[in-house]
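Sharing a structure here in structure tokens format.
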Amino acid sequence: MKFLLQRIAFYAFTAWAAITINFFIPRMIPGDPVTSLINRYQGQISTEALDSLYVLFGLDKDASMWSQYVDYWGQLFRGDLGLSFTFFPTPVASVLGQSLPWTVALVGITTFASFMIGTFLGVLAGWRRGSWIDGLLPATTFLSSIPYFWLGLIAIALFAGQGSFFPSSGGYEPGLVPSWDGEFISSAIRHSLLPAITILISSVSGWILGMRNMMITVASEDYITVAHAKGLSERRVMVGYAARNALLPNVAGFALSLGFIVGGTLLVEIVFSYPGIGFNLFQAVGSKDYPLMQGVFLVITLSVLVANLIADVAYLVLDPRTRKEG
Amino acid sequence: MSVSASTATTVGPDGPVAAAGTGPAAKRQRLRFVANGKAATGLVVLAFFVLIAIIGEWIAPYDPSARSSDILQGPSGKHWFGTTHLGQDIFSQILVGTRGVMFVGLLAGVIATVLSVLIGVSSGFLGGAADEGLSALSNVFLVIPALPLIIIVASTIPGAGDLMVALVIGLTSWAWGARVLRAQTLSLRRRDYVEAARATGESTWRIVCVEILPNLTAIIASSFVGTVIFAVMSEITLAFIGISTISEWNWGTILFWAQSQQALAQGAWWWFVPAGLAIAILGTALSLINFGIDEFVSPRLRNSGKTKLKTNDGRTVRMRVGFTPVLGTKPLATPVLRPAETDDLVKDGVR
Amino acid sequence: ACSGESKNNSGSSGPATVLNVGMPNGPQTENHNPFLGSSSGASLGYRWMIYEPLVMLNSIAPKDPGKPWLATEWKWADNFTKLSLTIRDGVKWSDGKPMTAEDVAFSFQLRKTNAGLNPEAIPYGEIKQTGNKIDLTFTKSQFVNQAKVLTTFVIPKHIWSVLKDPTTDVVKNPIGTGPYTLKSFTPQTTTLTVRDEYWQDLPKVKELRYTSYNDNNAQTTALANGASEWSFVFIPNYKTVYVDKDPVHHKLWFPANLGIHGLWINTEKKPFDNPALRRAMDKVINRDDIFLQGEAGYFYPKIESVTGIPTPAGDAFIAPEFEGKLHKVDLEGAKQELAAAGFKLEGDVLSDPSGKPVTITLTDPAGWSDYITDLEIIKDNLSTIGIKATVDKANQDAWFKAVDEGRFDATMHWTNGGATPYDIYQNIMDGKIYKPIGKGGVSGNYGRFKNAEATKALDEYANATDDATRTKALNTLQKIMVEQMPVIPTSASNVGGMYNTKNWVGWPDEQNQYAPAQPTQQNALHIVLNLKPAGS
Amino acid sequence: MTATPTAQTTSDVVLEAKGLTKHFAVRRGLRDLLTREKSAVHAVDDVTVTLRRGRVTALVGESGSGKSTVARLLAQLYPRTAGDIRLHGESVEVKGGRPFRRYVRKVQMIFQDPFASLNPVHTVRYHLTRALKIHGNAGKGSAELEKALQTLLERVQLVPAERYIDKFPHELSGGQRQRVAIARALGANPEALLADEPVSMLDVSIRLGVLNLLRDLKDRLDLAILYITHDIASARYFADETLVMYAGRMVEGGDSETVTQRPAHPYTRLLIESAPDPDRMAAVGPDEVPQDKAGGEPPSLIKPPSGCRFHPRCVHAMPKCSTELPPRFELPDGEDHWAACWLYEITHKPAEPKQEATR
Amino acid sequence: MKPPVLEIKNLNVDYGLGEKAVQAVRDVTLTLRKGEVLGLAGESGSGKSTLAYGVTRLLPPPGVISGGSVIYHPPNGEPYDVMSLSDSDLRKFRWAETSIVFQGAMNSLNPVHKVSTQLLDVLKAHQPHTTPAAREARARELLKLVGISADRMEAYPHQLSGGMRQRVMIGMALALEPQVVIMDEPTTALDVVMQRQILAQLVELRERLDFSVLFITHDLSLLVEFSDRIAIMYGGRIVEEARAADLYRDSLHPYSEGLLKSFPALRGPKKELAGIPGSPPDLRGMPSGCSFHPRCPHAFDRCSAEIPLLGNPTVRPDATRSVACWLHDTNLTPVA
């Protein structure tokens, strides 16, 4: 109970802080969307267009920071994130709505898969010390030290050449209309394979290691010895006793890592030109599209918060010690 | 990034002090940290990069920005790592660029570590409202995704040089360390020897600085290394996507140029590969140091080597929890290492 | 990527019906508002397939009179403050309603009342419609804006007059007079399909697919493998990466238009306030290297004329005294120039008349690889006359602010472009937009150039009533440019494109310069109408 | 056995606590927030202790009965909820800073776990030097300090001093560590020593050495010692006076020999009957188990039982026991022997309990 | 004499390999007989737990059994050597024939599983053919056996008090009615009152179920009261073994004597306690000869030169006890 209260207070506070940071940072940016639009087109937009664009973007009015802040909150509560400048006058919400499913599908599934695979291998590595999986660790460490984007680029260069099975960019075949038909889905899956594998390779080793170390720590607990002494089958001891307990700290790590992973996959999206939210952030930063930037940041933060909440609940379910009655 | 997270999880709240306190010989252990194969390898590689960072500028065969007529040449005796579209020597760029990477990495690491120590330890030690406030702060920083924040902040600050980038990274990545340190301090604060020091009449600041801090060394070191990894990656990322403003060469800048000139499409792999490998090797070295610290902190992780034994009658058995190997029924049998075992030992050293 | 090709034009059986256009602009959001540069229609260029201009003008041949389009006749009067238009009959909107002069008048009216929809800030006066005729007045001479007014595209009144806010409407169902209508939109691909009827001959291209690739790399790959047949993208080493993949069909043509890129120098900073130094710098800059290495040998064409006017687009404007006078590297000339002005070159250090060594910081945003490359080359070139240059890769916003406020030594920057070289010179030399160093908000003259003669000449050119005065004014401007060199021109801006002749022929090229080759220009419609299936 | 009880005078009293009470606030969930009910762990309630010069007072009781809390309260490491602590008759309440130092100079504490109470990163020298310096006993110059260190180590029989002075805690055995901890406490030159289970973590054969050392110090330095333990046999062996605690309250007190041989309070009796006794020799059977209605379960301290806290487990419980708190009843059978139990209200006679105890 | 159920013969246990190995248990020979309580005492680090884990092959790495055998006598069937069982046979042997109760019950119970789960899975593993309902009933019965109401079945370990947890462990240990129950300091973490409760219960259960107990503690006074025979360990070896009463009244080995003199007595006359001077030996660098000789008040030349083996004392011959001390000049023939 107390635990839950604390968590709720924590989430409320974090959300407030994130949204506030979110509000102020873009406003500290010296450039503005108009000048960056001009910069982007390097001479294709005439300097005379400046005034017209200011009017168009609604940047010609002055309002105090505080009233903007209040307005901002008002808008948020109405679910209004403002209009994107890059895609003016498309609302940020619909820009995000368009890209979010891609990121969620790619990152969500891959992160989950990475966690599962890493945890599984980590369990084996920690349980069977000195087996081949243990020997795999230096290699995975090296792989995880390679920056995502570099690995992605190399993967594209090696595997995504002309006529290859793997497309080098995009979320689906150009020309396809997104729908739930076989052709589209298979195309989407094919496009997501290479980025997914890249993410998997560079993130799985963290899980393997974390789980392996926890397994080793847990394996020397008394209750594991007792489980062996009880004559339970090896699998029961490994899964039901050791892995079950070793998993607990990793669950929290999993939630926290979502933040890192969304940040990290931003690069994968850039490298693979994947139409997700990270790519949006990249575009938004480039064109000083602060409504969009705010939107992306908000989405990332909120999703991390949600992930944390889920992890908290999962922890509550997995660890009876936190489930204090009363 | 996930490396720093995962290694931090293994530093349990009771880790280092339990090891240093009740272990058979804390001092010998300290030496053993360096003797640890992983840590030693990591330290040697790190030292190599630090050396390059210092002398790279002098030993570089060319000015890294100087153009030449060898445009987009592959590796050769003249240009070890080949040249760019302007005929610049990539080998020299890597050498000269090491400094920026190391500078930002280490400085950001120092900033973040100092912050995490200040915030984590005082939060853990003071308790009460101060603790609530500070841990709320670090929780917020923990949950707010660092890289997007860094990208936004870095693109915000005009004219930011290496120093600025290091500052931004340092200021945004201290939270994890602070949290681990807080938890550890919290458990240290209740230790008898801290209470004993208080009962002896020691002042508060002395308790924190002399009694508590030395016992946090391993965690601090580990979080420092973790932040350095993160900082290096972030800096290179910023340079790569063209957001940071470094006028100097660094590995990210090299990759930026390679990417903007579509080096891979042009077949100029040499433009990409050295910088990427350098990052990976540096990252691996830092990770190895962290593993070393982990193993130092938690001795259970240490002896993963000799797990295969030969029994007296020649069978091979594996050491594992729950099934103690029986070497033989003859008393006082001395187990022997199989020749294959030496392999394992070598591997262990590298790991 | 292979399957993309197979879907394209359904292989070899039968003549092609689909044209695949690509742009490297990232995922799009559905927005077909032709006024908004941020719309997908603008970003990919398909707005011009739906909304048509009054007159089709060719920006690489600015002296050409233009092709009547929705207007059959146009006449300027009263020193370009009055325009009479005759509107074409028999044109229908794609929803079947006829297009009338009323629609045209409304199109002007909309721009007049909404500053946000009038990016060129055309000072509209009266808009009068009688029958199929329209009379427009302007509050000042529109000589320099002729092209902008004539290329105004027309929108249907019956739809736009009921829009709540035309500046923020995404126009889900775009209705225009053009030969194509919207078929489908996805963030990656927009498909247009040809109408049943059109006031001209229907184009051969039955379907247009506009694909937005996420970046230059992806676009380049698509061009290289034929998935994309028409695009505009920067490709380093285009020969290997693009042309060599299919040398017969992979073409590109990058003609210059009347806008330039150059090294802007802060003319108020010592010792760069000395024109002799600027001229000397100009003489050592190697434009071939810039073209070949910085601009990949095609992107921004080299500027040959010493006047800075891109050729051949601007051939007709070049003053007799500079005809045939071309930029070339002239180290000796530069040294002489410097010596005459009191500079001393000792060893490899140049000192200004007061004895201080000359150093310069060249600055541009870190991400702009071509400009930065140009600067690296310039830095090298300047060292031949003892100027120690450093290249500063700045943050884009910081750079923009510094340039705006005149806090820089020298920077690669572009100029405005237009139908005459006036736009270039005005952007560089206009004293009327001068602001002292430290004050921002200038829209040009970043180098803080102050020359009364230039300002007067610019004024004369814009307001002259006869061509002779204009020619004289422009000649004066050219002379000032050559003598004062406030900007060292390096490259022309371009309106080029890459195209693939495997399925479609009839593209503009060196021999047939009927339109610039860029797919997002208004002339793209002209090109599409000109395309024929290959082998037919 | 030394220390024959001598006549006590008030001047012998070093440290005295009256009505000492400590409640630890516990933060609970939402529900309590709504009901505004403040719950607390009643760790120590109304405890009175007197430490006299040259005497050892033992405090025994089961785990969690509040013994350590009493020690920490006496050492002023916790602020107290109520009650009074008097040093030489003078009421003191210090929180930190100089007054705290002045107080700890007189009253020093030794912790239960010698493995945990020395900082693993510091040498013996550091620990002792700090203790001397803080309390101004280090003398002037390094020679005097060296001599002071030497004396200190000799006092705890770590001789030759050179062999131990520069060692790290992990290089010492448990007994040696506990001696260092004692030496550190002595470095302040205190008058009272609060020893919180000083030997419970030590091996059987080493325990005795430390206890003997403490007794020896008491005699030589005339210290007042509070000896906290849950091992009632060692209290008999080592202490002059024994106090028994149950669930935060004192239930019995008096001369050690009397308390252990003729326990009056039912809880004390239970305790003593439960202690292993080799002389009983494998005779334990179901009927031999000491009677305990709650099966050995200690009570909750957050909602302690009303009246006598032992009543739910007490086989002699009367209706009164669950409603009224028993005061101390003086028992005539020994020096200052008393018990807080309603059994002694009317009779004041030791006859019945005595029989019970010597059965 | 009752028949043996578990015969430990010349058992050697090492931690680690080769030169650096810690020889934690040396040449231990010990017999546990049907229905008896065998106490094992000795100070911390003398190898008591190592012996207990070694017998069941539950030593954590780097522990290895470097020699000796442990012969188990099933109630009906041929005796066999536990050390040569295959993994699957060992799994079957465990808990069904010998079960273990560890020192800390909190750590012995898996914190994330309910008590019922942990009780049931041992039943399920060894009696896969029984019905779930039958197993459930058995689990309730077991809890009742150790005095815990069956409604605590669904509790998690943290919801039980220390004493209850320890009882659950004892109940679990008896689940399959094993022949041998090994108890490694099962009550040291508990209060004396609780300790007595649990021991009393154990005694009662033993009488009913007739299993043998190997009871490990360092509290000699507890052992004397509770066990039939006592073995004293020092430095990895058994130094004395005798009936509890004999050992208490008249210990032969100087170490046992010292140990007995280290416990203050609660009753009877107060006697001066001597304790044992010196500190325990370092297992890595054992003293030569008898490992106790540096601390022994009676040591003479031979003690530092030769290792005395466990055998019946010859000075005052007594077949019921054995000792490893030159003072008693054992006949150098180890007892069977």
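Brief remarks on what is shown
To keep things simple, chains are lettered A, B, C, D and E as they appear, and every chain counts its residues starting from 1.
Note that contacts are C-beta pairs under 8 Å (C-beta built on N, C-alpha and C of every residue); 3 or more make two chains touch, one makes a residue touch a chain.
This structure is a prediction, so every number in the text was calculated from the model and none was measured.
Centroid analysis (C-alpha atoms only) places C farthest from chain D.
Set against the Cα centre of chain E, the chain with the most distant centre is C.
Annotation: 33 Å between the Cα-based centres of chain D and chain E.
Inter-chain spacing, taken between the CA centroids of chain C and chain E, is 92 Å.
The distance from the centre of chain B to the centre of chain C, with each centre set as the mean of the Cα atoms, comes to 50 Å. In chain A, 29-30, 129, 219-220, 225, 227-228, 234, 270 are the positions where the chain touches two or more neighbouring chains simultaneously. The residues of chain E that reach two or more other chains are 53, 58, 60-61, 87, 90, listed in rising order. Multi-chain contact residues of chain C (touching two or more other chains): 217, 221, 224, 367, 397-398, 401. Every residue of chain B that touches chain C in the complex is listed here, in rising order: 65-67, 71-72, 85-86, 155, 157-160, 242-247, 256-257, 259-262, 265-267.
Within the complex formed with chain E, the residues of chain D that make contact are 1, 62-63, 173, 175-176, 203-209, 212, 230, 232-234, 236-238, 257, 260-261, 270-286, 288-290, 292, 295-298. Of all the residues in chain A, the ones that touch chain E in their complex are 129, 219-223, 225-234, 236, 240-241, 244-245, 248, 318-321, 325. Of all the residues in chain A, the ones that touch chain B in their complex are 10, 13-14, 17-18, 21, 25-26, 28-30, 127-130, 134-135, 137-138, 141-142, 144-147, 149-150, 153-154, 156-157, 203, 205-207, 209-210, 213-214, 216-217, 219-220, 224-225, 227-228, 234, 237, 249-250, 252-253, 256-257, 259-264, 266-267, 270, 281-282, 285, 293, 296-297, 300-301, 304-305, 308.
Within the complex, the chain C residues that touch chain A are 1-4, 7, 26-31, 33, 36-40, 115-121, 167-170, 184, 186-189, 191, 209, 211, 213-215, 217-218, 221-222, 224-225, 227, 259, 261, 365, 367, 396-398, 400-401, 404, 414-418, 423, 427, 443-444, 493.
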